[in-house]
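Quick one: this structure, given as structure tokens, is what I'll be asking you about.
First chain written, first letter: the chains are A, B, C and D, and each begins at residue 1.
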Amino acid sequence: MSRKQIGVIGAGVCSSEARSLAEMVGREVAKRGAVLLCGGLGGVMEAAAFGAKQEGGITLGILPGTLREEANPWIELAVVSGMGHARNALIAQSSDALIAVNGEYGTLSEIALGLKMGKPVVVLESGWQIKGVYRAESPEEAVELAFRLIESCEKPEKSP
Amino acid sequence: MSRKQIGVIGAGVCSSEARSLAEMVGREVAKRGAVLLCGGLGGVMEAAAFGAKQEGGITLGILPGTLREEANPWIELAVVSGMGHARNALIAQSSDALIAVNGEYGTLSEIALGLKMGKPVVVLESGWQIKGVYRAESPEEAVELAFRLIESCEKPEKSP
Amino acid sequence: MSRKQIGVIGAGVCSSEARSLAEMVGREVAKRGAVLLCGGLGGVMEAAAFGAKQEGGITLGILPGTLREEANPWIELAVVSGMGHARNALIAQSSDALIAVNGEYGTLSEIALGLKMGKPVVVLESGWQIKGVYRAESPEEAVELAFRLIESCEKPEKSP
Amino acid sequence: MSRKQIGVIGAGVCSSEARSLAEMVGREVAKRGAVLLCGGLGGVMEAAAFGAKQEGGITLGILPGTLREEANPWIELAVVSGMGHARNALIAQSSDALIAVNGEYGTLSEIALGLKMGKPVVVLESGWQIKGVYRAESPEEAVELAFRLIESCEKPEKSP
């Protein structure tokens, strides 16, 4: 009954190009029946949640503040953490895989936490290129790769 | 697009009577289109989530540990907090109202945090009777009361 | 090298009587060489920290917000948690014993979390009388009792 | 009354060279009367705390787990967070400046969080070279630089 959860991470303010990429990622995640998990705010988070809702998906936002009203309009379920930046660890830990659409230091902290926790991390585009992340050239490739990596994590024999 | 979220709190190990009550609460929450939010583990949490799923509802569990596998089988979306007891604050803060089905010290901490945050807290049965909580005699009454209290919180004129 | 840590909990705004009691608790804690741990803000927390510093003790505040400037002037070391109410769990978990000087719902949540974690909890005065807490009639008795309870926890044979 | 707090971050298992560097950083921090703040475990954290205690300094560890016994022997005060990796945000937020002595993904997450929060971050040696960090060639230089950066943060005119 439990659904796969794909965390989409990136800046709260972003270019229209990044928005388009994030929206496409959100659509692909929803098409595969997975939950779109994000930080619940604007920019990349909002575009990804919008994309997921366009395809009838479920969206879950883990907000840094104490007010649910801070969520973008496409967040259906919200965790109002009130924990500030410490909520980044919850996003990483609750995701079966992370997909980063550019982003700044906050995104980097999520990538690092994801890698520390052994989660597959796919970086779309010209984002942070830390050893251990997987690169994807398009939203479709990023989501496809994320799902393949999750599967290989679940198999008894470990993939690289 | 955002859904109401009702937190159901109570012990992880409980009597069959408490299970029945929690299941009924979960059913009522789902019938009204709200999200069943809980701590994701056994006992009251599991019964409430089971009830919600029987009615086609959505369930969200905020787990204390680092493994999603610790969630009960009726949890559809999970936040894997890895925060231990500190996650109780997230349950309280993410709920529009809390309904307590008996429970021990963990539940008391959630009731206290909910009251501190100004959330409506309904206590079903012979649970913790702290000043500031509302009592209900049945699951139906508890859910009905929770929704009425949420509405009155949202209105410009404050209810007691 | 590690020091005993006594958590003093209570309201951020309080009567002058409560302040006197908290200050005496802080003095007693420091006289015994233990760290005075608290939430770092005003009222009971400030009075206890003031008392500890009068006796040359060390004070540690676990702040809810993101600014160290919010600490009262008697806090020597501060954890700037940025976690809001969820920091209450850190206070309970980091204390070898808790002493409550009255207080409201926030204090109740800390008492409940402390009991859940198996910590000795001493309630001074007319505060929350939850099953499982120990009562003390004076600050001296409260601190004396807290230290005795810590010792008995550490012994192989468990005390009640 | 409040003391400066310098966070020293790095791997829990490390080379003897990294240990020497961390110990020297800890000594320098203590000589200047600042608190040595760290994650409380082994490797770089232990060496830094050992160094600080050799100079009579105060050490504060923010532990990821629920047991104070997990702290290294040089930790005088401990916050037992029980929050796992989310405690990295508390280390970053509670430090006036961060000094990184190599380290892996956990350290990278702390660097990123520190930068996000606007803290001065000094990286000693061949560690993570993220844009925005300051480099130092020796422990003395790292601590000297950290203190200078803290001062310039506190002045009305912002330094780069």
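In this text, a residue touches a chain if its C-beta (ideal position, glycine included) is under 8 Å from a C-beta of that chain, and two chains touch if they have at least 3 such contacts.
Here the structure is a predicted model, which is why all the values come from computation and not from measurement.
Simply put, of B-C and B-D, more C-beta pairs touch at B-C. Centroid to centroid, with C-alpha atoms defining each point, subunit B and subunit C lie 29 Å apart. Centroids built from CA atoms put subunit D at 40 Å from subunit B.
Subunit C has residues 66, 81-86, 89-90, 93, 117 in contact with two or more other chains.
Interchain contacts join each chain to each other chain, per the touch definition above. Within the complex formed with subunit D, the residues of subunit B that make contact are 66, 81-86.
Within the complex, the subunit C residues that touch subunit B are 83-90, 92-93, 104-106, 108-109, 112-113, 115-117, 130, 132.
Contact residues on subunit B toward subunit A in their complex (touch as defined above): 1-3, 5, 35, 53, 58, 60, 62, 66, 68, 71, 73-83, 89-90, 93-94, 117.
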